[in-house]
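Each in structure tokens, the structures are laid out below.
Heads up, the next two complexes both have subunit A, just with different partners, subunit B and then subunit C.
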Partner chain A sequence: MAQKITIEPVTRVEGHGKVTIHLDEKGNVVRSRLHIVEFRGFERFIQGRPYWEAPVLVQRLCGICPVSHHLAAAKALDVIVGAGTGTGLSHTAEKIRRLMHYAQIFQSHALHFFHLASPDLLFGVDADPKVRNIISVARVNKELAVQGVLMRKFGQELIQATAGKKIHGTGAIPGGVNKNLSEEERDKFTKGAAPMNPGAMVAWAEEAIDFFKQYYKKNKEFIDTFSVFPSNHLSLVRKDGALDLYHGNIRAIDSEGKVILHDVDYQEYFNYIHEEVRSWSYMKFPYIAELGETEGWYRVGPLARLNTCNFIPTPLAQKEFEQYKANTDGKPNNMCMHTHYARLIELLHAAEVIKDLLNDSDLQGNELVRRGEKKHEGVGVIEAPRGTLFHHYRINDNDQVAMANLIVSTTNNNEPMNRAVNHVAKTMMTGKKEITEPMMNAIEVAIRAYDPCLSCATHAMGEMPLHIQVITADGMVVDEIKR
Partner chain B sequence: MERKKIIVATASLAGCFGCHMSILDIDERILSLIDLVDFNKSPINDIKKFTEYCDIGIIEGSCCNSENVHVLKEFRKNCRTLISLGECAIMGGVPAMRNGIPIRECIEEAYLNSPSVKGHNPEMVLPNDPELPMLLDRVYPCHEIVKIDYFLPGCPPRADLIYAALEALITGNEMKLPYEIVKYD
Partner chain C sequence: MKKILLHAYGNPGCGDDGLGDAFIREMESWVKKDGLHSIALDSNYQLNVEDVAEMVRYDIVIFVDASKADIGSYSFTTVQPAPHTSFTTHSIFPASLLSLCMELYTHHPLVYLLQIKGYQWEFSEGLSAEACKNLQNAVQFAQTTILNFHNQE
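This part shows the complex of A and B:
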């Protein structure tokens, strides 16, 4: 009897995504899909709005990493108001934005590690779902939970200081920023009572890496073999090949490390990246144009970034990076669970960058905005916590938005997440009579490694809800599992 | 004597999760909150179906598809007090900017006209699979679908406001509303 299994991780409650798996008579996985069931219509309804609204408006499509949208939109508008890209802004403006962005990276990565990954690491992937959440973490390891909460708080307060608000701020404007960081504001962080200062955050980030490395030592096989498959990798890199999360050129490499896109200017991203539409998901499938739909898909995010960049420009993170690279003899890392490892190295890097930036007197400068000759079109790209994020706007003569295009991080990871689901379903479910809870969680664990907004969000404090239906080929529900 | 814990459920409909993130922004207070309340059906734990009648239901986001309406009605049925959290829940918010624009135009813009799709989708594939829930003609605020008891404004509401509201509901004391914590953006 052919079956269809539906895992609705989020639909019942959040309505963002679900997984369907089709099995044939013998229990072979014939097809699996991760559906994104949300549609907003943003590209159309922003048309006609004044362009300067974009940075505050667009971020309201994602409250999990709003700073990334805020800054990607602002970067696109920098081009439109003639401030250019990257080096066009005043030092003050660029550094305030960087501080805002690395604070966002820091809080988002901390949230992911402590609130989402740590329950799996502490209790095990196949532990009772009732205990796999941050509340249980708080009960068995209060210190770890407090660390997580305070690291997130530190990042959020830095965002507030630079953007005006913790969520959906207004700090970045076309051509610059609307405020600097006063000495008083700065001192709140640099002279903050322990642990709320940059030094303590660096130390905690190092502890988090140690925590993971310990875990890795004990669970090497799982971490090295779970949901492993080759893929291309894409991210921005700085001119000199350094990891840079705020600005750079697009670099893409294949699973062996061969360069596919050689540090190209993102203003012309549409020549290099196309998107495929599939009828069963609202989320499109981007691919590198030259390689086509079937070969051109790629991963973005921490794993991809540490594959594409040559080095990390802060000393502690660089040291960890070298150790991390040694695991694969310097080759690209295609092991899904190593994303957690890579994310923590970035967490440390973000803490170091924040520490350095806070000591930079440019933050107290007064030149906030630069403008030049107006243009009608601009692209802004940034490395969001979850990966490369593209914003593209065209305006008309009345300064209204005429066209908007977004490729968000999670969209870039659409194909890899689908592959991951398929991979896990095939290895764990093929030929099995009964679909068990740990199998379902394994699917989630694979999706979760990409920290997609849909799961990151639902995992804010614990488990993704799961709803599995076993359905016959003619649509009859013969079995139903709800966790 | 152990006091019975207040039971809280939360949901995100057509929202950006910013309101849920703002709940997390109560920071350390979350650790004391978990001594006072139990979370039922919510993205923040793993209870999928209502296992008991809840004291407080918190809704983020508006209704943009059939699924949202279904979830919202479930919440009304299972919660004594229902709160609209944030502008999306209260008046549709940014997603409601599509109201007044034919949905077809929104879909075509995203899947046919965008610069990274244009010319590369010759079959004009559009998302239309039965697995995808039906989009509604327009985006509805929650109180147009079910009765809502309280509204907490803001985009998102500040963490202090959320905490003050929960505290008031838990203790039964009147909520203090200092000017600084109520914001409308």
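This part shows the complex of A and C:
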């Protein structure tokens, strides 16, 4: 009798994803799927609204990365108000936005490392989940936990200084920003009492990388072999090939490093990236059109970004990048757990960028907005913490949004997450009919490496606990776990 | 005089999930009008780990959230520490924040949770009519309760 295992989260607003693992009569895993069963309604919600409201409204998609949606929408509307496609803003406006964005990257990556990854690393992925959390980290390594909390706080305060309120942030507007950063606001960060200043943040980011490298040295086999599979990789890169999380062209490479999308203009993303709909999930499956649905899927996020870029344009992160690349002899890295390593290098890069920007007098400039010839369509793309984020809007003659299409980072990672679950299931589940704790942990760790945001991907707010179910070929549930 | 933080969370773009944020806006005018300087107000889409660094500065913290549960118009409960955390970075709960606070600092505030009953959670702006009534009931209750806390030595 064939079987199916389901992992299903529950949320307050009923938005959730679940994982099903199907077994055949002999107990072999035949396929695994990450299902998203939430109604996808945000694009319709925004239709008919005045276009200039979009950067504020889209923040309500996600409580985790509202800044990324805010900026991606603003970038799309820059095109519509004639301010160009990423290079037409004033120096002040672009640098304020970059500061806001890198603060978002910094706080989000810090949260992932200290809240989710460090418990796995400190206690082991097989440890009791009741112990594997930030509160236990605080108990056994208070310094690490305090660093995590204060790094988050530093990033969030920078966001508030540039974007405005925590809810309804209005910093980025079509064609620029609505305020600069005053000297007084800047000094709060640059002359802040230790440790709440950029120098401390850089130092702590370096310590976080050292922490991971120590773990890697002791657990190399696990880190190098857990959920490894070849894939294409996609991200924005700067014109000179540098890592740039705010703006660039789209580059994609295959698992061996061959370039398959040659730094294309994201205004035409729809010519290169198509989205497949599958009956069992509300989350779409994007793919590179030229390669087709089967071969064209790709990864986004920290691992992909460090595969596609040629270098990192800040010195300390570049040094770490060189060591990181040496692990794969300069070839693309397809090792899932190295995503944590890549994320920490980006954390350091973000801290360095923030430090440099805060010393840039352009932040106090007064030219905040530029406009030009109006257009009816625009695309904004940004590298959000979890990966490439696309916002595409078309407006009508009444300045209302007529069409909106969003491809969020977690949607881009849909197929890789499905592959990761499948890989783990085949490795650990074959021949077994019951869900064991190590198996549950492994599936959790595999999905979590991508730091998925199902609220974002399904365009509904919610939590994402975990629920696993084993179901036979004839539909009978034979085992079930919720976490 | 007790230092009190009112910290709401929820998404105002998801109908009644914006009850917390609406509550803070109601309380803001009351706090200003009555010059209650030791009462601080905050609102966000969700609770975050760094909120622990803020809550430790107060004697009393009242978290405010919308609720689907069958609680009548609102409910007001004491929060006990519990180290439960979510699978992803999406959320941390009041009980977990209190646990974290107790691990990291020598002082921790008294923590309460005010839940206000909501009814609709789809993408939409504004509260449902029933949620608005519940909000007014919760505001009245909170103002009385907070004044009692506030005047305690």
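Here are a few things to note about the model shown:
Throughout what follows, the second predicted complex is superposed on the first by the 446 of 483 C-alpha atoms of A that agree within 3 Å, B and C clash if a C-alpha of one lies under 4 Å from a C-alpha of the other, contacts with A are read in each partner's own complex, and residues count from 1 in each chain.
Everything that follows uses one rule, which is that contacts are C-beta pairs under 8 Å (C-beta built on N, C-alpha and C of every residue); 3 or more make two chains touch, one makes a residue touch a chain.
Bear in mind that the values here come from a model prediction, so they are computed numbers and not experimental data.
Once the two complexes are overlaid on the shared chain, A:I167 sits against subunit B and subunit C alike. Look at A:F114: by the touch rule set out above, it reaches subunit C but stays clear of subunit B. Looking at the shared chain after the overlay, A:I407 reaches subunit B, while subunit C stays out of its contact range.
The partner of subunit A that touches more of its residues, comparing subunit B with subunit C, is B.
Of the two partner chains, subunit B and subunit C are each touched by A:A145. Contact with neither subunit B nor subunit C is seen for A:G387 once the two complexes are overlaid on the shared chain. By the document's definition of touching, neither partner reaches A:G248: not subunit B, not subunit C. Within the superposed three-chain model, A:R448 lies in touch with subunit C and out of touch with subunit B [touch as defined at top]. Of the two partner chains, both subunit B and subunit C are touched by A:G41.
Residues 12-14, 41-42, 45, 57, 60-64, 66, 111, 130, 133, 135, 138, 142, 145-146, 149-150, 152-153, 156, 166-168, 453, 459-466, 483 of subunit A lie in contact with subunit B in one complex and with subunit C in the other.
Of all residues in subunit B, only 11-22, 24-25, 27-28, 30-31, 34, 39, 41-49, 64-65, 67-68, 71, 93-95, 97-98, 101, 103, 105-107, 109-111, 113-117, 120-121, 125-129, 131-133, 135, 155-156, 159, 185 touch subunit A in the complex they form.
In the complex of the two chains, the subunit A residues touching subunit B come out as 10-16, 18, 20, 33, 35, 37-47, 57, 59-64, 66, 111, 129-130, 132-133, 135, 138, 142, 145-146, 149-150, 152-153, 156, 165-168, 269-270, 273-282, 284, 286, 392, 403, 405, 407, 453, 457-467, 482-483.
In the complex of the two chains, the subunit C residues touching subunit A come out as 11-14, 17, 21, 42-46, 48-50, 52-53, 68, 83, 85-92, 96, 99-100, 103-104, 121-124. By the touch criterion given at the top, residues 9, 12-14, 41-42, 45, 57, 60-64, 66, 107-108, 111-112, 114-116, 130, 133-136, 138-139, 142, 145-146, 148-150, 152-153, 156, 166-168, 444, 448, 451-455, 459-466, 483 of subunit A touch subunit C in their complex.
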